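When the chains are written out, they are named A, B, C, D, E and F in that same order, and each has its own residue count from 1.
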Amino acid sequence: MEQNRYERGVQRLKEVDDIAGENVITSLSDISPDLGRYIIEFGFGDIYSRSGLSLQQRELATIAALTAMGTAQPQLKVHLHAGLNVGLSRTEITETILQMALYAGFPAALNAMFAAKEIFAEVDKREIV
Amino acid sequence: MEQNRYERGVQRLKEVDDIAGENVITSLSDISPDLGRYIIEFGFGDIYSRSGLSLQQRELATIAALTAMGTAQPQLKVHLHAGLNVGLSRTEITETILQMALYAGFPAALNAMFAAKEIFAEVDKREIV
Amino acid sequence: MEQNRYERGVQRLKEVDDIAGENVITSLSDISPDLGRYIIEFGFGDIYSRSGLSLQQRELATIAALTAMGTAQPQLKVHLHAGLNVGLSRTEITETILQMALYAGFPAALNAMFAAKEIFAEVDKREIV
Amino acid sequence: MEQNRYERGVQRLKEVDDIAGENVITSLSDISPDLGRYIIEFGFGDIYSRSGLSLQQRELATIAALTAMGTAQPQLKVHLHAGLNVGLSRTEITETILQMALYAGFPAALNAMFAAKEIFAEVDKREIV
Amino acid sequence: MEQNRYERGVQRLKEVDDIAGENVITSLSDISPDLGRYIIEFGFGDIYSRSGLSLQQRELATIAALTAMGTAQPQLKVHLHAGLNVGLSRTEITETILQMALYAGFPAALNAMFAAKEIFAEVDKREIV
Amino acid sequence: MEQNRYERGVQRLKEVDDIAGENVITSLSDISPDLGRYIIEFGFGDIYSRSGLSLQQRELATIAALTAMGTAQPQLKVHLHAGLNVGLSRTEITETILQMALYAGFPAALNAMFAAKEIFAEVDKREIV
């Protein structure tokens, strides 16, 4: 069953964001491969594989939380990309970030909005190429 | 137009959570009525009146953020109630909270889950009466 | 000179808030008297005894920070009282708290405003008696 | 193997703090039993079952982190008790808390120290009885 | 009146920090112009236009809060510059930052102090030119 | 005795991490030498000179806290280096960081793990040279 959790997690991570996800796992391989394994098993094999919320709802919740926390800029960027991947519109993403000004203040919303600007520009660039 | 923002905000707040919203505004009336006014004008007249996200999406994002922040238990309870009001299911709410364990740790998820337990029990009690 | 720092700290703490300060020190006496001693020596003997800012400015900065942090409600209450003690007006205090909505969000401002409401009521009660 | 993780987690949780751990799991049973299950499987079956750190080191790290975060008072109390259970001395615990004043400020250290005072008193009371 | 809020906000922002403020608004224009508009309308047209605190007190409070939060380095730099602009002395700024070591720990004070060092050097450079 | 605290602090800082510590103090010399002095006197002359915890326990607690806080990346790097200096193994350090996923979420653990990867690589490089 462990194997199942890992395989299910890898599968789910691919649906969410295959490139960014793989990058994180690879960059952990020489310092803490187990941290990478837990992200796949617990993060994607357990939590993101649950029913009850769509992947779009899950990414919207994650973007809201990481914006509000303000301590996880690299992970926010991964999930901004993942949000687009699973079908959130750019408007849904920027509205979610904007709303966080109410709960976590304008700096939190600003820093996340600039991250969104960066990710959207990267996506545009890839699409042109 | 200021008047419009205020009236629009009052209207929107009623759709979201009329009792809890009114309680906050009333309890501010003798210490900082302007803080209450800004919550209505900016929070509900501006932000929650925007298009681009449904009220259900807005409450899901807010519940995610307040769970992750861990510093706003009273406001989390208001929005747990508001989430139910605008049509989020209990499962959507508990799944959102559960997912926050990944981003903000188990204590954040636990404290929000116990808040949900409390709010759901309150709602059950009112409904029985 | 250690003695000097301690005595200077005790003196400074008395100017800022003699009752609340003493309560904290007393309540630490059986668990960590050294934490109490460091608050007096470093907090009040060193920092609050520095020139460059008035005590009113120091308390305004502290109230702003504790409001924004949202994790130090008991200490916020001590400094709301201390702020009044050193001559900040109630308006200066509520304006400072209100402004924090911009930087730390409405929940942070709300929770601090309710703390101010509580402290102002306590002060009113003592003054009537 | 899932079964193994759960059983290993239950076993490990018992070593760390059987009563407090059981209370958390029980209180989640009617709102989110899966959150309880993940705490056992991932928290205790995976992480706390790893080699590389002693249980005393693990509890010392947890007490330091929860003190510094300042958003997890109920969980801090559980781990103050667990710290004593796995053999940390009261001095090791209060020294850890005290040191956090350097990294997270005096309010964080104060609030955790008062939690330690409460837990130590509870333990004393049980021992007398 | 909306127009009034916006115009009053632009005016107030100019008094506080015309260049940095304009940069933020411009950089938001292609991703979320409304976030820029709210900062002007609500941030500067509403809050910073209130009476009850001087602009110097408002910037001192903001510098204290952003230092303590530790999640808003870009906005802290804007307000360090704004603080100088509205007449805070460098000593008042560094004393405010230093004091935050007590409430948010040394890392928060250190990171803000290095930001102040950077901003003061930038200002010196402009003044020499 | 002040002199004693300073000298004792310098001595203790040397035991913990002579290069990194000196860098911080030097870089503060033209903006706030007193902040550097307090870090030596209070941080190292008072706290790190206390008995009750070994230097290894102190660094483990600090690494745990800075990982969980997520707002002090530069100071985390200093203490990752200091941890190695006082005899923590790389495994003890990565296990401590990994465990923080439980309490502060995966982004906190990830960002600290990448900091550890960087510091370990730096140390390897120096050792080869």
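One rule holds in what follows: a residue touches a chain if its C-beta (ideal position, glycine included) is under 8 Å from a C-beta of that chain, and two chains touch if they have at least 3 such contacts.
The chain list, named the UniProt way, goes like this: A, B, C, D, E, F = Carboxymuconolactone decarboxylase family protein.
Values in this document were obtained by computation on a predicted structure and should not be read as measured data.
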Chains in simultaneous contact with subunit A and subunit B: C, D, E, F
For subunit A and subunit D, chains touching each: B, C, E, F
Chain whose average C-alpha position is farthest from subunit A's own: C
Centroid-based (C-alpha) most distant chain relative to subunit D: E
Comparison of C-F and A-E (more C-beta pairs in contact): A-E
Classification of the subunit E:subunit F interface as same or different, half of numbers criterion: different
Listed chain pair D-F, E-F or A-D that repeats interface A-B [over half of contact pairs the same by residue number]: D-F
Chain centre separation (subunit B, subunit E; CA means) in Å: 29
Between subunit D and subunit B, distance of the C-alpha-averaged centres to the nearest whole Å: 30
Gap in Å, rounded to a whole number, between the CA centres of subunit C and subunit A: 40
In subunit F, residues with contacts to at least two other chains: 34, 38, 42-43, 50, 66, 68-69, 71-72, 75, 94, 98, 100-108
Category of the chain touch graph - line, ring, star, complete, other: complete
Complex contact set, residues of subunit D against subunit C: 69-71, 94, 97-98, 101, 105-111, 113-114, 116-117, 120
Residue ranges of subunit D in contact with subunit F within the complex: 42-43, 47-48, 50, 52-53, 57-58, 60-69, 72, 75, 91-92, 94-96, 98-104
Interface residues, subunit B side, partner subunit F - complex: 68, 100-108
Contact set on subunit C toward subunit D in their complex: 24, 27-28, 30-32, 34-35, 38-39, 43, 66, 69, 71-72, 74-75
Subunit D residues within the subunit A interface of the complex: 1-3, 5, 34, 38, 42, 46, 50
